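The following blocks contain the structures, represented as structure tokens.
Common to both upcoming complexes is subunit A, partnered first by subunit B, then by subunit C.
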Partner chain A sequence: MARFAGGKAPFIRIANEKGENTKRIMRDFLIGLLPVILFSWYKNGISVYLDGNISVLEMFYPLFFIIMGGLLAYIMEGIFFYITDKDNRNLKGIMRRLNTSYAVIPGVILALLLPLYTPIWILMFAAFIATIVGKMLFGGFGNNVFNPALLGYAVVGFTFSGIVTDINVIFNGSEIVMDSYAGATPLGTLASFRGTGDAFSYQALVEPYGNLWDFFLGTIPGALGETSAFAILIGFIWLAFRKVIKWFTPIIYIATVFGLSWLIGIMAGDSGVWFPTYSILTGGVMFAAVYMATEPVSTPTNPLGKIFFALFLGVLTVLFRFVGSLPEGVGTSLIVMNIFAIPIDTYSGVIRTKLFKKPGPLYISILVGVLIILVIYTLVASGNMYTAITSLFNLGQVI
Partner chain B sequence: MKNFLNKYGIIISLSLALLLIFIFGGMYSRYMTNQIDVHEQERYEEKLLTIVDEGSSLEEFASSGLETEFNKPNGTGTYQPELIDSFLVKDKDNNDIAIIYVVETYGNSEGLKVAFALSLEEDDIIDMMVIEHNETVSEPGQFYNKLIDENFFEQFENKDLDVIDFTVDAVSDATYSSKGFEVAMQYARELYADDFDDYEIIEINIQVNSVNYNYDLTTINDYQFIANITFGKDNNEASVALDNDFNYLQIISGVEPTASEIEALPNYIADSGEVSNSLRVVSYDDTTNTIEVRVRGYSSAGIIMEIELNSSLTDYNSIDIISTNENYDDPYNGGYDGAEAPAVEDEYLVEYTNNDVIMDSVAGATRTSEAMIDALTWLDQLLVELNGGS
Partner chain C sequence: MIFHKAKGVQIDGRKELCKKHPLIDYLNPDTVYIPLVQRHLKLEPVVDVGDIVKIGQVVAEVGGFGAITSHASISGEVKSFKKVWHSSGKMVEAIEIKNDFKNQLDERIKAVKNVKELTREELVEIMKNAGLTGLGGAGFPSYIKYQTKENIHTVIINAVECEPYLTCDYQFIIRFAKKLIKGATYMKRAAEASKVVIAYKAYNTKVEEVLKPYLDKYPDIELYPIKDIYPAGWEKYIVEQITKKTYKSLPAEIGVIVNNSATAIIYSDAVERNIPLISRPVSITGEGIKEPKTFFVPLGTKVSDLIEQCGGYIDGLEPMKANYIAGGPMTGRAIFIDDLVVNDTLGAVIIKLFEEKDYPECLGCGKCADVCPVYITPTEIKKAYERKDVNLLGLLDANKCMECGLCSYICPSHVEITDAVKKGKELLRKGAK
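On to the complex of A and B.
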């Protein structure tokens, strides 16, 4: 049962138990990121070093890069506070502001979203966008519309796409020696199927990287934090156990991506469960599901809103992934959904309290209707299955 | 000072931290980026080194990068293959044992990069490795995939650089790709010859002056043809004995050709058009003065004739057809309206033995006629030679 501070309205919710405050939540969130950070260091640094492919200096770089992400965000917020808060231009004042701003988390997430060989100056720029533009200019912690880390990632992804893409070809020292996939990420390989009319094949999509177990463990190429579903799963269990995140948001999001990918796979000529499994284990689906789709500020707050948010997010991810020009889809769909977080929160809030009274049915119709239209459009527009759909349901004339 | 630090110390510290991250983090980041190239080169060289089993290390080698044009496989002109890299391969004792040339040629598409390792000791190709290519791989069992399926690449292993016909067998459906690899191999050999003075590509220069049947009955069982050739840089002259397939058997007079020239000789003789090897002397029996010849007609088994010479070896006593497989009278062939086989052969023999006439070709049995004409013309010439040229 939620507890509220006594007195006259407005009521301010307080922690359920003593010490269960934002600081504890953010600490737990950071702990939840640890499996991903450690795996990222192991995969891109330690194991490559143990294989004799890189030097000690190179081995520490992944950890350095992730720490730099957090540190840069921290310093930039500190400078922002110094500039904007004239009354607290001292160490004590700034530290107090920083302690309640939790600057490190978006910086660390940002670093985990980027490939290992991203130049530091790009990380600095991304951290600036994430922290200053994405967070502080919106009013600081608790007021940001977009997920700050994602905004930073998206801006450098578009602005410096050439540099980041060039570096993307190689993700760590071990991958230099791997000829089998010639530098392409799994999603890049998936994108190569567009317009070919070829059925998805396990041989082309999975085998160059090993098997689906490798995808689960995360030994495939990808950005620092996104490859290991295993590490993310540990983080998820911890965060859900500590009630930092709602457990159903990642589950619904991943299930939506899984289901739609399965349908697309079936219509593209392969009904194997491997394809939707591949789909959720590639790119940033798992990472976003646990660490970004659950972000408390830029996503809906009520449970029904979170469910709708996750459903929409899943549909958009599949839409952008299979139809859009970029192979990933997760980042774009999250940014889009960040914009709609408030309307969804509002609508779902009304639906919860007025399910059968005006305007509850209207709102639920709008949300469900838009969702269904998006699902249908996603399935139809997913090139490979277009023909299959028209032949299966004879929708050709309608479409 | 204290006031200044109180007022600006924190912002200076934060800015300084940012600057330090920018400088030292940037250096670290740059180092990492540079390491990509270093590691790529290491892996690349490790990969190349696997071509040579005894190889222990590689050392960059400054090749001449010889300029020479080759035809594009699709016949749209010529191009200069590109030398990408060259490395000396050293064994564990640091001795140079091989050279690796990485060359880029043109197959079905541009960008066919192949590494060839050539043995410095044996002057042969140790092995090769495809570094990268843009050939068609989308069709299973076809194009580039067919090269793999049909073990095309095994042809390069241990291939002697001194082979006159320095080519490989192309694979059907992948002929452009095959040609691309062949050119890469040939270019590697040319580079090798240009880079190492102790190796020369053997150049064959043979001029066929005349080729004749051997009409000398004392040696007719030993060799069938005698060719007069001019060859080599010094224009050496020789009269050489050849077997039925124009293979060199022995020197009759003049300078003996080298092994490479001997290897190349059959092609030169065949290309000269001086003589056809459709007629073969199967045997000559000097006790019965009987010569058995076989001449190829419509049937590959041909017509086998036995010619018995008189005791003074100035004329023939008889000519008999031992066997013939010609089938010009088969309705399937059409055009022939005479008696059934071997009517044509018999008619040629009757005209020749009775009237000393070699008939013109018989319609519908042209190939058989040509075979009989060849045989009787050969006999005519034999008799001329046996009679001292008259």
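On to the complex of A and C.
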């Protein structure tokens, strides 16, 4: 008689049988980031070098910066494991822990969120916040409430906003010499409209940077990874094809931002499609849609929850962008929605089981009700930006 | 329904392991152990130590709802009452019978002459006296299904066997195709139904081959090929595929009774010769077995005898790096000691090797919710169970889970999510009381 090992049914797992495990998902996710990495290298390194503005060594700097982000996060997590896991204070033990922790991804995303020429020590600080505070202190991979990369970016954005903004003025070598940019990001230009009472115009918002095609290709100023919708689209197709992300999350999110921006445009008296298109091509909406709103850990798990999450995220992005004090609405809305991911998950879990049986309708009406209130508030409050709506809004106050 | 598109998952069957050899008879083991347990019911023995029993003699019974009898599967002397490992994963009391190799049959076992005149009540009574249970794995007494007051129009014979590795039903049908057809018609009469549908996996063309010749003679029988997915053998899935209707708790609600194919074969013997449920097919398979084979064995046979017949374990098998699984790999149980006996619900014993690896935590990909055939949300149930939130477990319909194991199967992080949902289901049942 022999004693056999215990175990829980089922005894065959896709994670073992076909290698369709978390490691593969994470590897595919990194591959999905490749088009963005390569494009930002092209835009900030190769093309600038070809213009003759930087040396060969400097040409590799964008790539170095991105790899540095991943490397720093990896090393920091290794140090964290060294300090906390006293039983495994050797290379093998730490490597084993790192193997199931996937530290590189938040680091790379973090680097892509920052502008080039952000000092490396700021990157280091951001990586510290991202991996240690954002991830490991919550309990490691799988337990983080916030998207680690986003948390790192947000903290750096608040604390070193001066330095980052100063750097922001210089995006890359080519952009320094091009006066027409005057150093402002498209969203910065949009923000300057706030409160002036002027209606926005294609001439003021888009023309300084070329046309919308340039926005799509990504040859506009901005952080490393966020500018090129084209590269992000390639990544999206890959990720959706490999079933790493759900295809509908980014589409619903982008569609919501598009639709609401269009409505705001119409209310301001300009029903052109250029404005919503401009709206989704700036400020990292695309990047967040594909790489951050789909981040599995910090977003709802079940498909219905993902739909609600994307809808809320879209509305909040527009709300923060047009009503808040920061031009960047994407990051703030993601952080807020990360908090609400857990209740949305629970609610949508109940809704998809009970559907129209009690208490399904109650839960549906709560989620949809909050969503509608947010949409209405966004539309009304964003009116203060535009002349056309201002009069209407004031009229309402008078009544 | 909203993003409810669970259509099952195709799982690598590995059935070829066991298909090399045809069904092998192993009808005279040295000793058998008849477990004194049927599902959750405890059986009372009606024989004593020292008694000589004959094949088919009643040795234990239990009354009340789900009343059932157990029969001696070999002739010989009752040696003792002994605890043995049972496929439920626990040790249970069993009657040890030592074979005298005389193969004496009980008086009741003889050819029945008036088979054609048996009424519905008599046919159901035969089912009850034969101690016939669902041989697919649930072990539910078959006669209870036929005592329904609903109007039954279709009897479905489930020959799908969607669990990987298992081939016992398949080989049983190939060997006893005629008995299957006959058993199915008796079942049709027992339910007063108008037709019988035999559902089998489409790629098992051999099943079609052996059953086709009988279809002309039995026009009420239909064959229904089913896609190769898991869990295609699930009662509800088969009923939905065939009738395009769904039901809540029992298929009888929409006039359907589902029985396993092995049950039908045993039933034909019970009707024609009064042979009770005393034997069943068992697959001994897995990568840890030298020559996987399927056996036709008396109930109570020791699995270790069968493994010996297969040439034993592979050389250099490290038991602690292998699972000894009673039942299919998706829903079975790991047995710690290889001292199992065959009972009515045991369709296979699988020795499966595994590697120990580090697995990350749940990353929240949501694949488990996508594949769930009953459209529940396993991750939320797991969280609710961890918080012991009975109310939320109720809202999430944890009791709907049928423990198919797909959520754990699909999980890229190797999370024991089926187990957590199972526990949540138990907690809900206890908490609701």
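Keep in mind that, in the parts below, the second predicted complex is superposed on the first by the 366 of 399 C-alpha atoms of A that agree within 3 Å, B and C clash if a C-alpha of one lies under 4 Å from a C-alpha of the other, contacts with A are read in each partner's own complex, and residues count from 1 in each chain.
The rule is simple: a contact is a pair of C-beta atoms (placed from the backbone, for glycine too) under 8 Å apart; a residue touches a chain by one contact, two chains touch by 3 or more.
For clarity, every value in this text was computed on a predicted model and none was experimentally measured.
Within the superposed three-chain model, A:155 lies out of touch with both subunit B and subunit C [touch as defined at top].
In the overlay built on the shared chain, the residue A:90 is in contact with subunit B alone; subunit C does not reach it. Of the two partner chains, subunit C is the only one that A:99 touches; subunit B does not reach it. Shared-chain residue A:237: touches no atom of subunit B or subunit C. Look at A:53: by the touch rule set out above, it reaches subunit B but stays clear of subunit C. Of the two partner chains, subunit B is the only one touched by A:64; subunit C is not. In the superposition on chain A, A:353 contacts subunit C only, with no contact to subunit B.
Of the two partner chains placed around the shared chain by superposition, subunit B is the only one that A:78 touches, whereas subunit C remains out of contact. By the touch criterion defined above, A:302 lies against subunit C but remains apart from subunit B after alignment on the C-alpha atoms of chain A.
A count of residues in subunit A touched by subunit B and by subunit C gives the higher number to C.
Interface residues of subunit B, counted against subunit A in their complex, comprise 6-7, 9-11, 14-15, 17-18, 21-22, 25-26, 28-33, 35-36, 39-40, 43, 46.
Those residues of subunit C that touch subunit A in the complex are listed here as 1-4, 11-12, 164, 304, 319-325, 329-339, 350, 352, 354-355, 357-366, 369-370, 375-377, 379-380, 383, 392, 395-397, 400, 403, 405-406, 408-414, 416, 418-419. On subunit A, the positions that touch subunit C within their shared complex are 1-17, 20-25, 96, 99-102, 140-143, 246, 296-297, 299-304, 306-307, 345-346, 349-355, 359.
Of all residues in subunit A, only 53-55, 57-58, 61, 64, 68, 71-72, 75-76, 78-79, 82, 89-91, 94, 116-121, 124, 167, 170, 173, 176-177 touch subunit B in the complex they form.
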